[in-house]
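Listed next: structures, encoded as structure tokens.
Look for subunit A in each of the two complexes below; its partner is subunit B in the first and subunit C in the second.
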Partner chain A sequence: MTANLRKEERSLLYYISAYLAVGVITLYLGEPELNRVYQLSLGGGIKLPFWWFVIILSIGTMLGFWLISVYWRLAGFRCDPFLMPITAGLTALGLIFLFRLRPQYAERQFAWLLIGLLALVLITTLMRELDWLADYKYIYVAAGALLLVLPIFFGQEQYGARSWLNLGILQIQPSEFVKILLVLFLASFLAENRRVLATGSDQILGISIPGIREYGPLVVMWGISLLILVFQKDLGTALIYFCTFLAMVYAATARMLYVLIGLVLFFLGGTAAYHIFDHVRSRVDIWLNPWPFLEGKGYQIIQSLFALGSGGIFGSGLGQGMPNLIPAVHTDFIFSAIVEELGLLGGCAILVLYMCFIFRGLMIALAARNDFAALTATGLTALMGLQTFIIIAGVIKLLPMTGVTLPFISYGGSSLVANFVLLGMLLNISHEVNGGNET
Partner chain B sequence: MLSIGITILRSLFLILLYLFIFRLTVSMIDQLRQSARENEHPKDDPVLKPVFPGGDGAVLQVITSGDEEMIPGETYLLGDVTRLGRGRGNHIVFSGNYASQDHARILYKQGQYWLEDLGSLNNTYLNEMPVTKQTVLANGDRIRIGEVIFRFVRWAYEMESNN
Partner chain C sequence: MEMKHNIKKLGYFLLCIFVLLILYLSYLVLQQGEELATHPQNRRMAAREAGIIRGTIFDRKGVVLAETKWLGERGKRVYLTENHVSPFAHVVGYVSEKYGSAGLEASFSKELLGLTDADALENLLDKIFNRTPRGHDLVLTLDASLQRTAWQALNGRRGAVVALDPKTGAVLAMVSSPAFDSNAIDQAGVWSRLNRDEENAPLLNRSTQGAYPPGSAFKIVTGSGILARQTARPADTIQCPGYVVVDGNRIADNRAHGKVDFIKALALSCNTYFAREGLKLGWDGLVHTFNQFGLNQSPALGIPVRPGTLAVKERRNRSQLAESSFGQGDTLISPLHMALACSAIANNGVIMKPFLVKEVCKPDGKAVRVTESSIWLTATSPEVAALVKEGMIAAVNWGTASPAAIRGVDVAGKTGTAETKTDRQPNSLPHAWFVGFAPANDPKVVVAVVVEKSGSGSRVAAPIAREVMAAALFRR
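Let's look at the complex of A and B:
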């Protein structure tokens, strides 16, 4: 059984390797000017043409995924065989588009990718038993709050959000990692209290409501994280936190009431934020009608819409669009660039890949051995799905634009590593589902 | 010539992406079918034994079943060991989410039935008291797991063992 899972995984990875190779060759033949523009200077005065660099990075990426698959096979790790190839596919697509859009960032993204893969290996080796994680829930709250507060005092403001920590050579965005802590806290808290939350101990107006001791810590935790995020002005992340929170509470209790209360709270909070914060108001105004701001604030979203529209069904072809007109195209707006060059078909393919990821994640949650594992898997999957939804909806102007990354595809170190950590934890849960360490 | 080649490569790029998705979907459906088949033929699983060997004929009667697929009034014969939980290897299987994978078990030893909680998250209740250690069951005891309430019935055999 173990061998079969890994065999499946490897046969899926063949497709990704072929696909990455075709992408790189297409770029090479289609855009020879890249070779002249960028040269990589190595130590000792040796100059390496950029294409060699691209080829080395691509081979390195695929080799990384292959080696992990082989390692899992040797280590008898019985995780889900589909999640890793899906991730590899998204990462490969991201790398190709990063080579295409911002070659100067590819080197750094590759370094982050290696760190992410290393984190994946470490987590799947050291944390196969996740149950002990449930015992430290208040440590997650403390660590999470600390990580969120740090950037307020020591942070840097970028793209209108104050959520980066500068550690000399690299910048990290702690809120990406706090997401996972939030899921762990909610999972362990809800697993312990779900029965009380689901049935309630008091009655108000005929509706049973649990006591303050049960929902108090939840509300406090939620309020603190939202307040801090408001001070950091990182609205996208706040939205993801809040929706994940609602999804997990619903998964644990199956009560629509909590979701309704949450939506009402969200609506009130959103209205208040619109009136209090300038940057929220400008985001919403741009969303409602970007055309008056064509030369200013609305430029980005309008360029994104042009890019999406000009792609048509089949797209302009890899390397033939003009996605570089969009500001921040390599992070938040990478989806527009992909749709411009691969068309509606390419955009749908990406959505299907994310849906497959979510499908597998929820299947793992359904089969999980205990409540904590099930809720953790649900939360992590919800996190991934919501983040994808929020950024894609922002890019296509379905929702106001909020700056979050497209998981695994966008350029962004912290986000990439955090997503690999998330993947590792999901895989650990599926390893338990498939029989765990015992033979 | 080169431009035709590049155009072909560009389409190949999209085609490969879809081939990957196709392959992925096919194997995911395969896996779903496989797990459905495993559910249909539970004999493949050596742990799962719906028979209840041993015991002296006492039963658990379902009083209320909540959302479970049990029918109130249904009885389960208790064996030497009867395991209750959400896992498929148990003798009495719960489908809802309240029960843990291995929730509780009832042992028959020294002529008595003992109820033991296996560290479940939502507790096993004996006459509305959480079970913390192995407890002897008496006729008429109510055992609650989640929203399912069982009654322990042993009257017919109490007399026999006294003889």
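Let's look at the complex of A and C:
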């Protein structure tokens, strides 16, 4: 069985490789004169022609994914065969656009990708059995809170958010990893208490309400993380935490009441934040009408809209647009660059890929053997889906812009590694579903 | 397990929000894409333009109005000018790196640069063979010599002239004065000077955006309404004592006209007749007629057009109605709209869709797009149009419009003298108006003329119209 799964996975990876190759060739045909000498910044002064650099990194990426698939076959790992090729496709696309937009970042991204792939191998080797994770839920709270507090004291501010830790050569964004801890905590807590939360132990005004013991820790955890994030000014991450929280509570209890209370709280909190915090107010004002701020704080979103509108249905073609007019195009706004050059169709194709990821993730959750595994898979998948939705809705001005990365595509080391950890845990659950280590 | 059920529902929710993303993205790209792509602040267009030879703009006979001359590495746009002023400045417009673009240069940018969807293959081939891409040419309906005649007739006075072919809708001349030098837009100080000059407003296209009270020229519209609604028969007469009293307000006429029927009222421009008949027509009838003649619409010409307006609803009382019936009160209309209304009278009640661009051509002259003339509106019936025409012929033969008469040609015309006196400017001269067409039995050209604050329509505007009509008829 594992042989068949892995064979399917590898055959999908070949398509992704072909896709990456076509991307690289297109870029080369567009600008062959770019072939100046390129000096590696991480490689100790090694110099090589630019296109060699591109080809080496591309082959390295696909080889990495392929080797993992081979390794899984040998190690008898029986995970879902679609998730990794989807991820590989998104990563390949991100790499192509980094080559095109900021080659020097492609190198760093590749280094992070190797770390991410290593994390994937370690997790799928050492943590195949996930259930023991359910026992340490308060450790996640402590670790998560610590990780979130650290940048407030030792952190660096980038792009207006104070959420980076500087570790010499590496910069880490702890909130990316705390997301996963949040899901693990919620999954174990909800798995344990969900029956009480769903039916309630006390009654107020005829509505059954669970006791403070049951929902207290939830509210505290959620409140602490939001407060800290507001002080870090990282609105996007706060929004993702909050939505993931609501999604998991709903999945565990099926009570719309909690979701409604959550939305009311969110609305009140949002209104308060709008009046208290300048950076929140300006984000909302820009969203409502960016045009008066064309030369100032609305510049970025308007450049993003120009890029989206200039692409048309088929796009300008890879390398033929001018997405570099958008500030921070390689991180938060990479989707606009993709739509400008690959068109509406390219943009929709990416959305469909993410939808496939969500579909496979929830299928794993539906087949999971116990509540903890099901809730973990649901939470991780919802996290991925909501983050994608929030950033894309931001760059197309459907929602106010909140700076988060587009999973697997945007430049951003912590985010990439954290997403591979997320992928690894989903795959472990699906390994369990497909029979696990026995037989 | 009921949790599975919840997870499925969550899945549907996530699916829905992603579908929402796809829908909104499609809306953004398909509905707003064009506007965003060609937004003046979007630097993509300018960057692409730098490597493209912009197409040439010709008049209907092949006179070059705008062309790009290649000077070394850069193209320079050169416009036809006369003594450092361009009579075509408002219609053709300009392209400037600093100030964006205007006029047909702006609205036909895609064609002039060859960037329409149909050009994609050609552009790809250009890229492969490393050729400098060249945009399409425009052939306008304007006649350069007629335009020059109108420009010289205005002789620097503030005003506008519009000439149309009533049978096709082709705009033959469109002059707004004062104009500016389209070649000098980028020169130091010019732009701010043009924008500062509020009195002359040289950047304003008076022919399509000017908001003038039309005065008695509007009687051709009111007259059509009266006849169409049959609130009066053409032969019905009234007694004109030289004034009319409406709700206690005495509205003076230019003189006492005595016994007046429809034809005589048009010929002698009797305000009393139109005030009384306008009151019978009512606001409903007047607004309906106004809309029937397309005065409230902006035809898609490729340049900005200000739709005409009547008094706002709150101000629509009886004395406002009486004054609006002869083109005073709060009525404001552009010269283009008056020319279109007049073309309905010339063309048996039908207004052809006006257009400025006759053809879009490839550099070798092969047309990619030809504008077909089509009916824009049916303003009134042929019978009504014939009666109004009879009144306009009478106005030229023995009435107020006689300075527009051309020997050997039947001319139909109507003057307007629109009062501009206000409490602050008690000595302000009236706007001089003329609308008309010739030959009356087989109209070849419709003309509308306005000269701001210059005197009576018959003394100032009619001679200009006469000159333009004669040039259009005899200098073919």
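Criterion: the second predicted complex is superposed on the first by the 428 of 439 C-alpha atoms of A that agree within 3 Å, B and C clash if a C-alpha of one lies under 4 Å from a C-alpha of the other, contacts with A are read in each partner's own complex, and residues count from 1 in each chain.
To be clear about the criterion, a contact is a pair of C-beta atoms (placed from the backbone, for glycine too) under 8 Å apart; a residue touches a chain by one contact, two chains touch by 3 or more.
What you are looking at is a predicted structure, and each value in this text was computed from that prediction instead of being measured.
Q: Of the two partner chains, subunit B (first) and subunit C (second), which one does A:L184 touch, if any: first, second, both, or neither?
A: A:L184 sits against neither subunit B nor subunit C.
Q: Applying the touch criterion given at the start, work out whether A:G23 contacts subunit B, subunit C, both or neither, answering first, second, both or neither.
A: First partner only, subunit B.
Q: Once the shared chain is lined up, is A:L422 touching subunit B (first), subunit C (second), both, or neither of them?
A: The answer is neither, since A:L422 touches no partner chain.
Q: First (subunit B), second (subunit C), both or neither: which does A:A337 touch?
A: neither
Q: Is A:D371 in contact with subunit B, with subunit C, with both, or with neither (first, second, both, neither)?
A: A:D371: touches subunit B and subunit C.
Q: Just to be sure I read the superposition right, which of the two partners does A:L308 touch: subunit B = first, subunit C = second, or both, or neither?
A: Only subunit C; A:L308 stays clear of subunit B.
Q: With the two complexes superposed on chain A, say which partner A:F359 touches: subunit B (first), subunit C (second), both, or neither.
A: A:F359: touches subunit B and subunit C.
Q: Would you check which partner chain A:E192 touches, where first means subunit B only, second means subunit C only, and both and neither mean what they say?
A: first
Q: Would you check which partner chain A:M322 touches, where first means subunit B only, second means subunit C only, and both and neither mean what they say?
A: A:M322 sits against subunit C, while subunit B stays out of touch.
Q: Show me the subunit A residues, by the header's touch rule, that subunit B contacts in one structure and subunit C contacts in the other.
A: Common interface on subunit A, subunit B vs subunit C: 194, 254, 343, 359, 371, 374.
Q: Any idea which subunit C residues touch subunit A in the complex?
A: Spelled out, the residues of subunit C in touch with subunit A are 2-11, 14-15, 17-18, 20-22, 24-26, 28-30, 32-37, 39, 41-44, 47.
Q: Within their complex, state which residues of subunit A touch subunit B.
A: Within the complex, subunit A contacts subunit B at residues 8, 11-12, 15-16, 18-19, 22-23, 25-26, 29-30, 81-82, 85-86, 89, 93, 191-192, 194-195, 254, 314-315, 317-320, 342-343, 345-346, 349, 352-353, 356, 359-360, 369-372, 374.
Q: What residues of subunit A sit close enough to touch subunit C in their complex?
A: Of all residues in subunit A, those touching subunit C are 194, 247, 250-254, 294, 302, 305-306, 308-313, 321-322, 325, 339, 343-344, 347-348, 351, 354-355, 358-359, 362, 365-366, 371, 374-375, 378, 381-382, 385-386, 389, 392-393, 396-398.
Q: Note which residues of subunit B are touching subunit A in the complex, please.
A: Spelled out, the residues of subunit B in touch with subunit A are 2, 5-7, 9-10, 12-14, 16-21, 23-25, 27-28, 87, 97-98, 100-101, 121-122, 146.
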